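What follows is a pair of complexes built around chain A, which joins chain B in one and chain C in the other.
Up next is the complex of A and B:
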């Protein structure tokens, strides 16, 4: 290795690739050649530390080369070129919408939007993935995923106070019979570890985990997806930050060890049997809580001028980013270490957790030290932000890194990636007649892993800590109904008990649709998220969204094609719903080989996380039926297509059409429905999504402890819709509303001219009876339905 | 010194049932099992000091009891699986307990490591080993040993 480093500038392409593999950098041939060219130009050989720094900084994880690079997309005979796919889709929508309530977008560790009536607060929101670490060590991977996204919130602006954690997971089916490779974990094991990791970190830090979802598909058998998010409150006058030349570089929180070496570059590679265990990270929630407490006190006293978190790439990435304009001189011998047997370059790139980097004016160090000592939070002064524009890292007298910042951050070569539209055969004919009764099918769908209760996971999380979870993840008369969105009243951060402003958080996710039509998947996911916000009474005209893309190897043009279509869908949906993207992340190379050498790529998976203000949390509503005698309405048009449905996963109907979404009609409908909720006409709302209308009606009934008599004859529908599609189809832009008896006239006035139709009423009798005109579809006891639904997943 | 903490039998039914279900999922069907938590405290303390740490710090005396002589579960024909984090892996619980021990004993131990013990009556060590590696241990971060009680 040392020999190869000492002759780096004269190595052949083959030798460079071999060196890259041996060191675990995950740089491609073009990038290696560029590094070689630069060092030839400098007239010297690189040090290990310099190559490690470049590998970290240029990694997919840190630079997002795929999404922000040029793409040539071929669809049929047409070719569309993108110079920067991310900027020309996601960012473009946000820029065009130009919402004045967006305070910080795409420039910091999280997006920030205005919050509350006082004008003093911003709401920071971010979601991350931690997929590869969770595949290797589920508990540690999930813990550090949560820790990382919480640090993003601590590191946005001058630091926000976390008030909510979110979690969304994708696993292989727990009863999958597929043979796994020797070193992989079965999905049940991965799920248990991931849930425990999220639980322990959130609970120990005192942050409620109150919004999320779990999705099963054998595409995630070897590559679980673990999306974790965090929302926090920040004073608007603390959003700006600027490193001042001469400021000290202060690291606070955890010590540096050998854990997590190469996490950033590991995320840029496919997982195989040789995957390095050193990429495993270990979390320490109590250390992060100390860091949080220090930051909040020091921020309010103005003791630092900038902050960021040590995430992927460790000091290398955090100090490199903070000092990108000023330069930095780092003395690694000052670092607090867990382990004395550690090489200087390892200190530089280690991803040991719970560390934050502050830019501290020299005159303020003593006051900061007093707070650090009072909170028992470890720290070290690593050097200074120099002002000379270069990155100089030393250990004792030894030079570890000496690179110009311009090369480090601007030198990565970006090459055009080919993308093609996947060829999927669409069948839009009549679905096959089911083999079972509709009642029997409903029970099967309710017990499907993608529909059934998540109580065995949710109940492990402390979703009440901080005392602000107004609408909880489990709702209804018995506290176990599946909520659409969480509503948070962040009084623990604002300390204002007279302001009842809150915010709702939810998600949209539909990879099954993505397998067939990635463009419609993106539209459906945004629509689902907006509809979920609407169901709790949030102000959907102020929806802000996050995109988190996960995909297989971008070297496959079809994977890139999926990405292009989904990104275009994101753009169009954001524009139609007036909902800007404020932050996002992507994760690629989520694919692995099974024991027989078969590739398991994940399907294109887009998580849309959404938040919107709730003007008065006392007016937020839940999804369960409230009172016998109240009329039930279906809002929206039921359309043809069983594509991407849970039913199709159980018994292929022969129809795989994804119902196209009419976004203009959806926005018009939702705007009117929100008025009915705000006026107090609606006491329960629930979206029609996974499982279809029959599932929505069942969940509202058994969560409220009421039955319902439903006649779908009046429901707006596309011509030729079969009963199967009506009950189990998952066409978007529909929700079921329970209207307060006596307020029907006002309700109908507000939705006049829209596809909102009465379909029945709530009743005391615990039976859910559903017919379609003269045709009786099913009649089931709600307790029987609930029994099918309420499974223990773990 | 290894301090072993047990949930009292009358309160342990839920955790034992969940553990038995996990073993069954990994292909090992058993009717009974017992679990305990282990704290390996590296310190030059007297027996009385270890007793104090065990009873005042590590044990909830209402629902739990402790032992300074690990390995006695009272199950017939049982094997004992002891699971620890590898020495190279940061032990967060161990670190926190180390600080707490210093507060209680007035002296900082050299190290504290946290682990678990599982007592399983079964006819084959091999079957147990298979189940343990399938469900309890990730050999990337854990080390374990199985022995006859």
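Up next is the complex of A and C:
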């Protein structure tokens, strides 16, 4: 192979591709040809280190070539061209909205919005995926996923203090009978590993993991999706960073080892039987905790001028990024190593965890060193940000990389990808009559893996460390009701117990709808997230959102078609809800073959993470019924369509219509409902989502320990709606409200003219009775319903 | 003058800030001090009147929870012993309790030998949930004075099962009511449902649950209707309202400050 390197500029396309495969770069033929052309121009052969650097920097993981590349989308005989899909959809919405409370969007390691009333703080928020590593090594993959996104928050601006972690997982059904390939893990093992990884890392970091979700679908059997997010507080005067030529390059935290070589390039390919677990890094949370403690102190003392994390691509990406305008001279022999058997180029690209790169003015090094020593945190001075615009990496006397920064960051060629609209047959007819009673069906739906209680996972996370999780993932009379959004009161960052500013975080996710209609999926997901924020009483007019796309191979035009439609949906939803995207990430090649050679592509999976301010955390509300005699209202119109529902997953109704979302009506409704919550008229709110209205009514009842008499006759509905659709349909933009007795008049005044109707009242006894006018739908004991719902997932 | 409270931290301590905030709120002058600062002689524990070991995963809880921190304290054991002997209040919460047990300061014994342990929960993993605990009204513990017979607190630990091997030690502990707090429903398999223990003077107290996480009423998972609907709206913008809404955990910290007061 080394001999191939010495004749690199004269290799044929076939030889280049073979070399790429042998080295694990995941560059395509066109990219390899561009690299070759550049070195021909320079009149020399590349070194291994240079090719490794280019492979990392140009990887899908680092450059997001697919999403920010040109796409030609064909739909119903029409063709729409995009030069940069991401910029023309998601970024465009943010730019058009131009909200002044957005302090930093799409440029740094996380998005930042204003926080609180003091004007002193910003809230940084970011979510990432760590899918490929979790498929290969679930525990390590999940741990390092958490570690990575926490470092994004530490590395945004001059560093934010993490105050919340989020986790969203997708697995194959735990009882799936599908045959697996030789080197894949069964879903239960993946799930246990992932949960334990998130638990052990997040708990040790002292960051509450308090918001998330778990979703099962056999599309994730071979490719689990693991979304990890983090939110942190940053002083507004610490948002800017600028490397000053002459600054020292200082690496703090963990040492460098051979773990995680080629993580970035590995996530840019499909997983197969040859995929190696050595591409996954080994996590060590305590090192990262030390790094956090050092950074917060050093930041406040102004001891560095810039910071970023070592993520994919390790030093090569971190130093390459920070030094992109100044240039950098790196002496790899100064690196602290875990392993002496390591090649210089491996030090350069290793993705060993828990490392942050600081740009430190020479005069401030001694003070920084004192803090590092006080916190027992290891570090090394790797070189200087030179100011000559070139990247020079040496090991002793040996030159490892000598490239102009401009080529590194600008050279990557990008080609138009074809996209087509997937052909899905929609049947909007009457759903088939169910074989069971509605009460029986309800118990089945409540125990469905996508609906049932997540307590066995949540209780393993330290979701209340830092003392600020005021609205918890589990809430209500018995501390086990499923909350809509977490509310964080960041006292650990503000150190001010008289400042009651907080923020809410939640998610929207609906891949089942995406299989049928990716555009509506995006709308529904944004709507669900905003509605969840509304349920706790957050300022939804100040919602900021993150997009995290996961998809199968972008070489499949139908996959690209899904992406285009979902991205367009994101744009339209952001505009309608006035909710800008502030950061995002995408992950492709989530596709693998099973033992029979059958392809398992994941369905288009868009996670919307959302945050909004909570003016006064003492006024935030929970989802459980509070008091017998209080009237119950349904807000929103129940619409036709069983598409994407949990019911359809259990027993196909024959109807797969995704009800189109009227976003204008939703915004109008939510604005009024928020007023009713803020004026103290509403004491419990819960959204209608997975499982439908029957699930919402059950959860509110058993989480509060109350029954309810419900008559849906007064509920606003689309014409022709069947009882099945009313109870188990998942049409969006609906929520159930418990109104405080005696405040009904005030409540009704605030929602005048909107589809908000009384449907019954809370009662002391344990029966949940639901009828629709003369027709009695079901009557069940809330303890029986709870028993179906509250089962141990793991 | 405000009593000075030293909040001891080290690598992996992670409940230090909220413990700091809690002491500050009840009128102490808290200070975060790293064990390295004690070892280097930069700070001295005897300069403070209250000492707290907050929760977390000190040194990753490698070997066993709190063990490495306890070993690091050995060099300074004379100072710690003097602090406790002087009946200055010491509270160890969660990992802090584990540290006090691993140092041998709790259960109290002449040799300061480790006579008990906090072992892996019966369920085999970390557990974070709200539970009810009973306060032993006969206990000399100064931290639990004035609390009702049963209160709610969250737990968050993987190693909380309190075990004492020697029967006489346990019998003695119970006979003197040094078990200041017991679980109403045992979450981890602790012997005699023990959640927290004190020394005979009542001034050195270790407990697994987190009082700093139930300091204010709005930290409870069960938000009462009146609180969620009315009280908050009324108190909006008035810092004084916060003081009307303290919860059970507040009392632990207030008691320490009142004691040295």
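In this text, the second predicted complex is superposed on the first by the 794 of 794 C-alpha atoms of A that agree within 3 Å, B and C clash if a C-alpha of one lies under 4 Å from a C-alpha of the other, contacts with A are read in each partner's own complex, and residues count from 1 in each chain.
In this section, contacts are C-beta pairs under 8 Å (C-beta built on N, C-alpha and C of every residue); 3 or more make two chains touch, one makes a residue touch a chain.
This structure is a prediction, so every number in the text was calculated from the model and none was measured.
**Student:** In the superposed arrangement, which partner chain does A:523 touch: chain B (first), chain C (second), both, or neither?
**Tutor:** The answer is neither, since A:523 touches no partner chain.
**Student:** Answer with first, second, both or neither: which of chain B and chain C does A:283 touch in the superposed model?
**Tutor:** In the superposition, A:283 contacts chain B only.
**Student:** Of the two partner chains, chain B (first) and chain C (second), which one does A:185 touch, if any: first, second, both, or neither?
**Tutor:** Only chain B; A:185 stays clear of chain C.
**Student:** Once the shared chain is lined up, is A:563 touching chain B (first), chain C (second), both, or neither of them?
**Tutor:** A:563 contacts neither chain B nor chain C.
**Student:** Applying the document's definition of touch, where does A:661 land relative to chain B and chain C: first, second, both, or neither?
**Tutor:** Neither: A:661 stays clear of chain B and chain C.
**Student:** Scan A:257 for contacts with chain B and chain C and give back first, second, both or neither.
**Tutor:** Once the two structures are laid over each other on A, A:257 reaches chain B alone.
**Student:** Have a look and say if chain B or chain C is in touch with more residues of chain A.
**Tutor:** C
**Student:** Based on the superposed arrangement, let me know which partner A:642 touches: chain B (first), chain C (second), both, or neither?
**Tutor:** A:642 sits against neither chain B nor chain C.
**Student:** Following superposition on chain A, which residues of chain A contact chain B and also contact chain C?
**Tutor:** Residues 284-286 of chain A touch both chain B and chain C.
**Student:** Touching chain B in the complex: which residues of chain A?
**Tutor:** On the chain A side, the touching residues are 136-140, 185-186, 188-189, 192-193, 257-259, 277, 280, 282-286, 338.
**Student:** Mind listing the chain A positions that touch chain C in their complex?
**Tutor:** Residue list for chain A touching chain C: 196, 199-200, 203-206, 284-286, 289-290, 293, 373-376, 458-470, 472, 474-477, 479, 489, 491-492, 495, 497-498, 500, 616-622, 624, 626-627, 630, 678-683, 740, 743.
**Student:** Would you pull the chain C residues touching chain A in the complex into a rising list?
**Tutor:** Within the complex, chain C contacts chain A at residues 11-15, 17-18, 20-21, 24-25, 34, 36-37, 55-57, 59-62, 125-130, 154, 156, 210, 212-213, 215, 218-219, 221-225, 227-233, 235-237, 239, 241-242, 245.
**Student:** In the complex of these two chains, what residues of chain B are touching chain A?
**Tutor:** Within the complex, chain B contacts chain A at residues 22, 25, 88-90, 92, 95-96, 134-135, 138, 140-141.
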